[in-house]
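Take a look at the structures listed below.
Heads up, the next two complexes both have subunit A, just with different partners, subunit B and then subunit C.
Our next item is the complex of A and B:
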């Protein structure tokens, strides 16, 4: 889902960067206000954790492999969608600058897709679904799935606007592929939250309307 | 990808004229070249610009003393998604051409267009140049230097501090993943082994991911406690000392920016011919 350089024209890339910068500024405000001194190691480790999670190849039923995004996990554990923006921005900077995964001119678009859309969809769907189900794990599972699926659709739309991939085929291929990968995203999000709840419930931020233990 | 981290670091710690350059100028030139190649319109103008940029990259890679195999190895790790997008272009019409000429018809009525093949090659050139300069930057610059360079160029303190810690933990995760994979292998567990039930494979992988997460978090806590012992507090930040640039850094910056700006301008004004 990481859009590389060259697949979005520079003016469009600049627009995505501006939008992303607004959210990065808001996430910085969140970090200054909410991220207490003792949260800094947590956020740094979580960013490294999300990076590692994204690097793990997970088998897909029809034979290939995929990888996770982790935005929903970050937003749920840290209790804010801006946490996902902050963490995913860090991850995307490292991936783009060190590994060439994603691009520099397309980083704004990638931050919007994975950090902003992934984080906001993941966080608010988790909150909404918890109120509906009254249990954490199905809510985390569906939130993880939705966060990846919607982010993939946004990626397809951006490439179509750029004129580098047809809209219908992009929506269909990206949508279908990520609908399946999303099951893995949701599953690992739910299992990771289960593990954190079981082993270290104190790590979890209390999401409004959702108990942390 | 996390395994590549050790490989990248191994090459970044070497010594050469390119390795010794200030990280700031390498970051600036990399950004300038990538922005320049992306700014070139989707036309055949990309070929001469991309060609000269690639010659510039090859010269820098040669001076860095790194083997071409290192570059090829890293390139093959990055290529898959971009190449997938490039290859599929040949089957689509796009908005950058008015008329399309069919050059081949495949089963199920799938057609290959000459203009789409050209568009795919344009995307490939842009993509390869961008990726090559990223490979050069990260293969010749240590991660702490990159971080300091970014900090000196104005990256906010919140990001440099957390980014610095994140990079440190990446290695912790890298070692943990290696150990976990070895442990799974010694128990004959392969997540891609189709003889095992899919759900079972996924469950084991999810537990491995969750365990790695918690172990790394706990490592983070231990590091945090030791940081507290050394006087860490809310106002702490990474100290980045002022550093003046040497003549060779200025020379490289000037040459890099000159190449990044003049080559597209000369091509656009037809001083450099293209079809």
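Our next item is the complex of A and C:
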């Protein structure tokens, strides 16, 4: 759901950039306060892994394809929604500048959708679901699904504000496609958490159900 | 697993994903593009056939709606390197992956030291 330049008028793109910059500043503050030296390789591998996996568009029905965002994964593993903003911002800058994937004037909107909304929905829905059901992987799956689905609906609203999509049809079509793509997001989120937890339980953040030792 | 091995193992997994990406990725439009083509009449929302001609018209039309004519020539458009087909795509994605890894590692280290 990388929004290209042409989809949003410049003034609106500027507003999204300003909002995104506030969250980027907060994510840098998170990094300054919470970055542990032993977790730096995890941050780097997560960022690179999210970049690589975003290059794999999986076919879904209706002549469409989609890839995971990775925001829920980054937020859950690193223990903060701001970690997702930090990681996704880096990924989106490289994608936009080097590969023309997502516009530059719309990058603020893309950071808001995939980093901020994806990270916050992923993190807090995982927490809430874990507290309710006391089980890691189903909670991670649903949190991943929800993070992508809500980010896609936010994108549809932005498209409606831009005058690019009519609101209702935009919400319906974005919702339809991303309800399916969300299964990929949820599945990979749960599997990646299992793998990281198995390899290095000590460096995972102390999120409920993912004890740090 | 110690830190160095974790970084190397992680890098290995990530590079395998990066190298495989061009061979397994679908070229279908993504969710947002598909919604866009559906709304602008280049395909049915629940259909799979995309009309190239209408797709081009849709791309022109959206610029007149938003007035955003900004365009930028990225060095590796659509994760490709000009004239290098699949090999170029693999190379482009691996360059991007290593770059993201390097920036994330370097920036995190810098912030950690400053803090």
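Please note the rule applied: the second predicted complex is superposed on the first by the 199 of 213 C-alpha atoms of A that agree within 3 Å, B and C clash if a C-alpha of one lies under 4 Å from a C-alpha of the other, contacts with A are read in each partner's own complex, and residues count from 1 in each chain.
The rule is simple: a contact is a pair of C-beta atoms (placed from the backbone, for glycine too) under 8 Å apart; a residue touches a chain by one contact, two chains touch by 3 or more.
Just so it is clear, the model here is predicted, and its values are computed rather than measured.
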Quiz prompt | When subunit B and subunit C are modelled together on subunit A, clash or fit | solution = clash
Quiz item: Touch check for A:188: first (subunit B), second (subunit C), both, or neither?
Solution: first
Practice problem: State whether A:31 touches subunit B only (first), subunit C only (second), both chains, or neither. | Solution: both
Self-check item: Which superposed partner A:45 touches (first subunit B, second subunit C, both, neither)
Solution: both
Quiz item: Once the shared chain is lined up, is A:177 touching subunit B (first), subunit C (second), both, or neither of them?
Solution: second
Quiz item: Where does A:117 make contact in the superposed view: on subunit B (first), on subunit C (second), on both, or on neither?
Solution: neither
Practice problem: For A:129, decide between first (touching subunit B), second (touching subunit C), both and neither. | Solution: neither
Quiz item: After superposition on the shared chain, which partner residues are touched by A:150: those of subunit B (first), subunit C (second), both, or neither?
Solution: neither
Practice problem: Kindly classify A:69 by the partners it touches after superposition: subunit B alone (first), subunit C alone (second), both, or neither? | Solution: neither
Exercise. Once the two structures are superposed, pull the subunit A residues common to the subunit B and subunit C interfaces.
Key: 2, 5-7, 9-10, 13, 28, 31-32, 36-38, 40-49, 51-53, 55-59, 61, 65, 90, 94-101, 103-105, 159, 163-166, 169, 199-200, 203
Quiz item: Within the complex, which stretch of subunit A touches subunit C?
Solution: 1-3, 5-10, 13, 28, 31-33, 35-38, 40-49, 51-53, 55-67, 87, 90-91, 94-101, 103-105, 152, 155-156, 159, 162-166, 169-170, 172-174, 176-178, 181, 199-200, 203
Quiz item: In the complex of these two chains, what residues of subunit B are touching subunit A?
Solution: 1-2, 4-5, 8, 30-31, 34-35, 37-39, 42, 74, 77-78, 81-82, 85, 88-89, 92, 94-96, 123, 126-127, 130-131, 134-135, 137-138, 143, 146, 156, 158-159, 161-163, 165-170, 172-174, 176-177, 191-192, 198, 201-203, 205-207, 209-214, 216-221, 223-224, 227, 232-234
Quiz item: Touching subunit A in the complex: which residues of subunit C?
Solution: 1, 3, 6-7, 9-11, 13-15, 17-18, 20-22, 24-32, 34-36, 38-39, 43-50, 59, 62-63, 65-79, 92-93, 95-105, 107-109, 111-112, 114-115
Quiz item: Which positions of subunit A touch subunit B when the two form their complex?
Solution: 2, 4-7, 9-10, 13, 28, 31-32, 36-38, 40-49, 51-59, 61, 65, 86, 89-90, 93-101, 103-105, 159, 163-166, 169, 184, 187-188, 191-192, 194-196, 199-200, 203
